[in-house]
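Step one of this worksheet: look at the structure below.
Order of writing sets the chain letters: A, B, C and D. Residues in each chain are counted from 1.
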Amino acid sequence: MNFDLTEERQMLQDSLRRYLREKYSTATRNEILERPNGMSEEVWTQLAELGVIGAMFTEEQGGFGGAGFDIAVVFEELGRAGVIEPFMDSALIGGRILAACDKTDLVEEMIGGGLQLAVAHGEPTSRYDMSHVRTSVDGGKLNGRKAVVMNAENADHLIVSARASGDVADEAGIALYLVAKDAAGLTIQGYPLLAGGRAAEVTLDGVEGELLTEDGFAVLSDVMALATMAQCAETLGAMDTATRLTNDYLGTRKQFGRPIGTFQALAHRMADMLIEMEQARSAVINAAGNLREETRIRDMNISAAKNLLGRAGRLIAEESIQMHGGIAMTQEYELAHIAKRITMADHRFGDTDHHLERFIALSAA
Amino acid sequence: MDLSYTDEELAFRDEVRAFMRDELPKEMSDKIRLGDELGKEGQEKWHAILNSKGWLAPNWPKKFGGAEWNAVQRHIFEEEAAAHHAPRIVPFGLSMLAPVLQKFGSKEQQDYWLPRLLEGKDWWCQGYSEPGAGSDLASLKTRAVREGDHYIVNGQKTWTTLGQHANMIFCLVRTDPDVKQQEGISFLLIDMNTPGIEVRPIILLDGTHEVNEVFFDDVKVPVENLVGEENKGWTYAKYLLTHERTNIAGVGFSQAGLNTVKRIARAEMAGGKPLMANPHFAARVAQVEIDLKAMATSNMRIISAAAAGGAPGVEASMLKVKGTIIRQEINDLARRAVGPYAMPFASEAIEGSNEALPDPHEAGPVAAQYFNNRKLSIFGGSNEIQRGIIAKVMMGGGQ
Amino acid sequence: MNFDLTEERQMLQDSLRRYLREKYSTATRNEILERPNGMSEEVWTQLAELGVIGAMFTEEQGGFGGAGFDIAVVFEELGRAGVIEPFMDSALIGGRILAACDKTDLVEEMIGGGLQLAVAHGEPTSRYDMSHVRTSVDGGKLNGRKAVVMNAENADHLIVSARASGDVADEAGIALYLVAKDAAGLTIQGYPLLAGGRAAEVTLDGVEGELLTEDGFAVLSDVMALATMAQCAETLGAMDTATRLTNDYLGTRKQFGRPIGTFQALAHRMADMLIEMEQARSAVINAAGNLREETRIRDMNISAAKNLLGRAGRLIAEESIQMHGGIAMTQEYELAHIAKRITMADHRFGDTDHHLERFIALSAA
Amino acid sequence: MDLSYTDEELAFRDEVRAFMRDELPKEMSDKIRLGDELGKEGQEKWHAILNSKGWLAPNWPKKFGGAEWNAVQRHIFEEEAAAHHAPRIVPFGLSMLAPVLQKFGSKEQQDYWLPRLLEGKDWWCQGYSEPGAGSDLASLKTRAVREGDHYIVNGQKTWTTLGQHANMIFCLVRTDPDVKQQEGISFLLIDMNTPGIEVRPIILLDGTHEVNEVFFDDVKVPVENLVGEENKGWTYAKYLLTHERTNIAGVGFSQAGLNTVKRIARAEMAGGKPLMANPHFAARVAQVEIDLKAMATSNMRIISAAAAGGAPGVEASMLKVKGTIIRQEINDLARRAVGPYAMPFASEAIEGSNEALPDPHEAGPVAAQYFNNRKLSIFGGSNEIQRGIIAKVMMGGGQ
């Protein structure tokens, strides 16, 4: 057993944390949040230069990491700083799908920071069901509607899932296509997100694309396992920030003549938050450390983590706001953004209940 | 024991229902149902509708032009208003300031301000909270110094709800800094258009502009705007706070919210079945529904005692805590229910892409409401303050 | 609306509370707990004289009450004092079944305090399913096994459910029989219960009985509705005692030089207990007040109450023990018994989850 | 990062497994699995079996005859012991007193008492808690006054676990009442057969006799039974408390308990299906299983740090709180699982009607265990005390 980070990961963590602390203040982020494209190209490029994107890919894929703990380290730091740039959707999900489909040149471009992708998979009625694809492909033409597609407006290419055969919820028969941003018949209607960044409703009306794979479900399911684990790590980082801000606030804010942290009811609730932080950290370690195990074990650990982070995240976001009081409700205060990131993470890749059910099903299997 | 309304109460409920059906404009109830903001004009319009029926001031004595309803009648009205998605009555002038004026104001103040309130001539806001005070209200620092016929006010108020619409503010100010905190406070009425007042918006985490900071820089307030006696303001403030607690349980809002959750969950599909048929989601809904049913009865018990002349004490604190827990849980269920569509930033998404979202009016505002309603357990005496009151009263062996 | 007790009920409550406070101390009860028959005939008789049993029956049945609030008032007081005598099983369930089957003479005897009954309905595999009856009746002979039959050893008669027709879980085809304590083929193997009193495993081997009704399910379902409501009221009384004991303890017990109730963490948890007490009281009022509504409304209110009391009861029993510390773990202290009564109530008439499911099913109906 | 055991650790685990398979008597593990009491004789027999393998004192240095395992080895042993339903090692002498004697005892004390511990010649109990002290241990009142070659001890101890079996007790006593609480305490070894000692049973709410009151009435204790220096006992007591915290998370016990819950819930039928297939029950089980998996990893992280020389501090308090919550939740699930059969009073029901209950050995003890294990969050530093420690350390900005 060994729970220490390797030297390389430790260095990546340190440099990333330093960069974000110095360059990604609340004020800076609040300014980025207001931008029409919902991101900063400068931050994207500089983080790419720091190796953030490269760490998400194996050496064979052109990166220098790609294992569970490489990805966990990166996303925990992004979460800690509340980064809204689309590293999850563009780089990790988009990039790893392309890597799995051997699009080596595009992956190289991604690692260099010069590419933006969007993955148009979820649909208005699919909720969290990964095999639910109604968008059809017929004679190479894509038709359908994709929902809450992250980073769609900024993307150079969209990766679109479509049903080549089978029923709407079948795992078999889902193909993946690469679609250029300016393809005919593609409509992108964008909007900002509560937790920062932008997404869009995407309509495909006879759009032509390049076939990436006919076994889309297998690719998606591996990449979404990675992404779910990364989301847990990101949320862990955000929870850590919320806990730290609250801890600091309890120590400095005075009421009735003394620091509010000396009020025992608050102190004990703070202790419960800290206990749940340990639980959450361990759950992420389990998810990251079992990524290369057989699918059932991998997915049990991922669902366990997503469920636990959902519960602990809710506790920490809500308790942090409550113990701060009104200040935490204001957009200007760091915690407001962080709490939104934590809560909205529950709406990605399956929520707390979804993963509880999945864990139960896998346990019974 | 009889859990049903009397015939008189049922008749009153029918009258309220008919009023809501006939007089509440549909575009208004649509906005409320969908979590949109009504705006100043809409709010004033609703006030005028109520006033023409004589229902704008349910808790005022008849001699001041109020409806003088008892607690049960007020409850019935609030329940029906919530069920019909009627706007709330803006409480600052009508429910909070007015009782203070009626009890402690001079004849001149009563004669001038009370009719204007019914006629909608003034929009009042509340100047209580200050930066750094939080739940420790009495530590307020805004200073008022008497100079001839005026007070000169300097300081800052915060969390001033809808202050951006207001032309008047009632303020707690410190008139004697050398005595015990509670003993040097006075209650002033201040015209927002007086030079030296500046209102700055506070944007909340869901992007809304509900609250403000109000700055006072050598603001001149005529002495006739002092309510009651100088340095007795804390007494009036406490009196006001008991009136702030009307409808503290929020049963009607919770019931309306729960109906929304069920409507969404019957439409939303999860794993090939309606979400409402998912046992885990159904269990969450059932549990909060069970809690709400019980709280509604607790609320009626207290209202029934209040209508019979009893004074709700610690029970109000209990209702505040449980009521906010239930409402926040319902907000949480709503955001869960809509799945990935909780993520769009509602207000803008609705404006920009009405057509694009599958059912934007249901899904749109729920996550924003979840965040916005975290305030319920913070403002108006945080749940921590309420728990302290409950424990103190009970361990003291009585109220 | 009117939430006051009628004068008669108020008087019954007062006299019952006074009697139990004076005559049913912890020491007295602990002595009764050790008795071989698990009850005190003297307490039974005296409470019957006070009208406790008569209050459970309508005037037509020979009593002077029988409505939801009559029963709730009685059982709340029994619960407050932690009474272990079998008023629930013998008087309420047994008696009301007989009343429903027009056994007027036996009901009269019951009201007078001169009869003991036991209802042998549940079976080793029935758990909380009221229609699950495997015990058979054939040519008037009963054969089968009944589980955890309360008060069986003390009973003059047993009321036995048996399947006359249909499948094991059918509602139709369940008959009720009256069986004398000394009937041939009846074996009663008794044991004490954790929360006081005694029960038994009952074996029927060709036992003869008197047919009470062929529509046993209808009778059982009405009487069990009453009993479940009464159980909620009893638990409410016990919760009130636990809360009061804890409240008193927090005010008197000192640690680190001051009453432990002045420690804010405990004070706030005490406040939460008090809030749940109000919730529980309202749930019982709803259950009692809707007993004569149509079945679906009645049962929704009963299941709501049993679920809420299950949750609030667990909180209050566990928190009361925790805030007391070690003293609450000792058999001699009143709370130990009360906490066991509260917790074990969850195992009667369907537990917290059972009633949540029932509430969900009835809501969807 | 590497979540797996090393080859050496795996080999050690195999050795422990083989030992449990070959040396742990089946009648012993049956009793433990079913929640029965092992009794003094059974416990001493297990100690002897461990001692003959050299494993009775895992944490003792080799020079005293211990196994000197590191934290990972101890964890592996505890995990396997729980999985095989082995009895716990009675900790009072071996795990709690021994480290104190090894660090602070005289050569004579070490030479006399330590071998006797391994040989099972003494049964030690702990005299720390006093009536009215609770979590405020240092407020103890039991008085020891030096008279010539003896101390004369008067006072009372309580919650003395298995004191009914003990021939020796180690006690904290007050030797100087005039100084700060912590500075007047001494650490004495007392023969339970000395005149003036009386042991009275405390029966717990589940009917078990685990703990006792111990009364001291002019009890003469030879001065050579003082450990270390007079009035320095608090230092030794604190040292001892850090050793009490071995296996504080109780991962193995929780895992064994969870397995029992699942076994019951697969057999128990609810509404025509196994209880384990009921979504609400399955959700409860899954949630606690998820929490336990995470805590097991937290535990390994701390153990791994401890094996590498780090000192667990506030983490131990976190594990204590979460560990007890999880174990108590599992106890709660077990009592839920067995349905109406939770109600019989287990010990007597089993003895009197072995045949009558359908599966008495599974159902019998679960409710009693639920009640008995409420102690987990009370004794050994209540969860409230632990939360206080956690908050204090964290808000102090470090350990």
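The rule we apply is simple: a contact is a pair of C-beta atoms (placed from the backbone, for glycine too) under 8 Å apart; a residue touches a chain by one contact, two chains touch by 3 or more.
Computed from a prediction, not measured in an experiment: that's the story for all the values here.
The chains that touch chain C as well as chain D are A, B.
Rounded to whole angstrom units, the spacing between the C-alpha centres of chain B and chain C is 43.
Separating the CA-averaged centres of chain B and chain D is a span of 53 Å. Centre-to-centre, using mean CA coordinates, chain A is 37 Å away from chain B.
In chain D, the residues that touch at least two other chains are 279-280, 283, 384, 387.
Across the assembly, chain C contributes residues 263-268, 356 that each touch 2 or more other chains.
Contacts between chains leave no pair untouched here, as each chain touches all the others. Residues 129, 134-136, 158-159, 202-207, 268-272, 275, 278, 280-281, 328, 332, 335-336, 339-346, 348-349, 352-353, 356-358, 367-368, 370-371, 374-375, 377-379, 382-384, 387 of chain B are the ones touching chain A in the complex.
The part of chain A that touches chain D in the complex is made up of residues 1-6, 69, 247, 250-251, 261, 264, 267-268, 270-272, 274-275, 278-283, 285-286, 288-290, 301, 304, 307-308, 311, 356-357, 359-360, 363-364. Residues of chain A touching chain C in their complex: 263-265, 267-268. Residues of chain C touching chain D in their complex: 122, 124-125, 127-129, 147-148, 169, 189-195, 199, 201, 253, 255-256, 263, 265-266, 314, 318, 321-322, 325-326, 328-332, 336-337, 339-340, 343-344, 346-348, 351-354, 356-357.
Interface residues of chain D, counted against chain B in their complex, comprise 279-280, 283.
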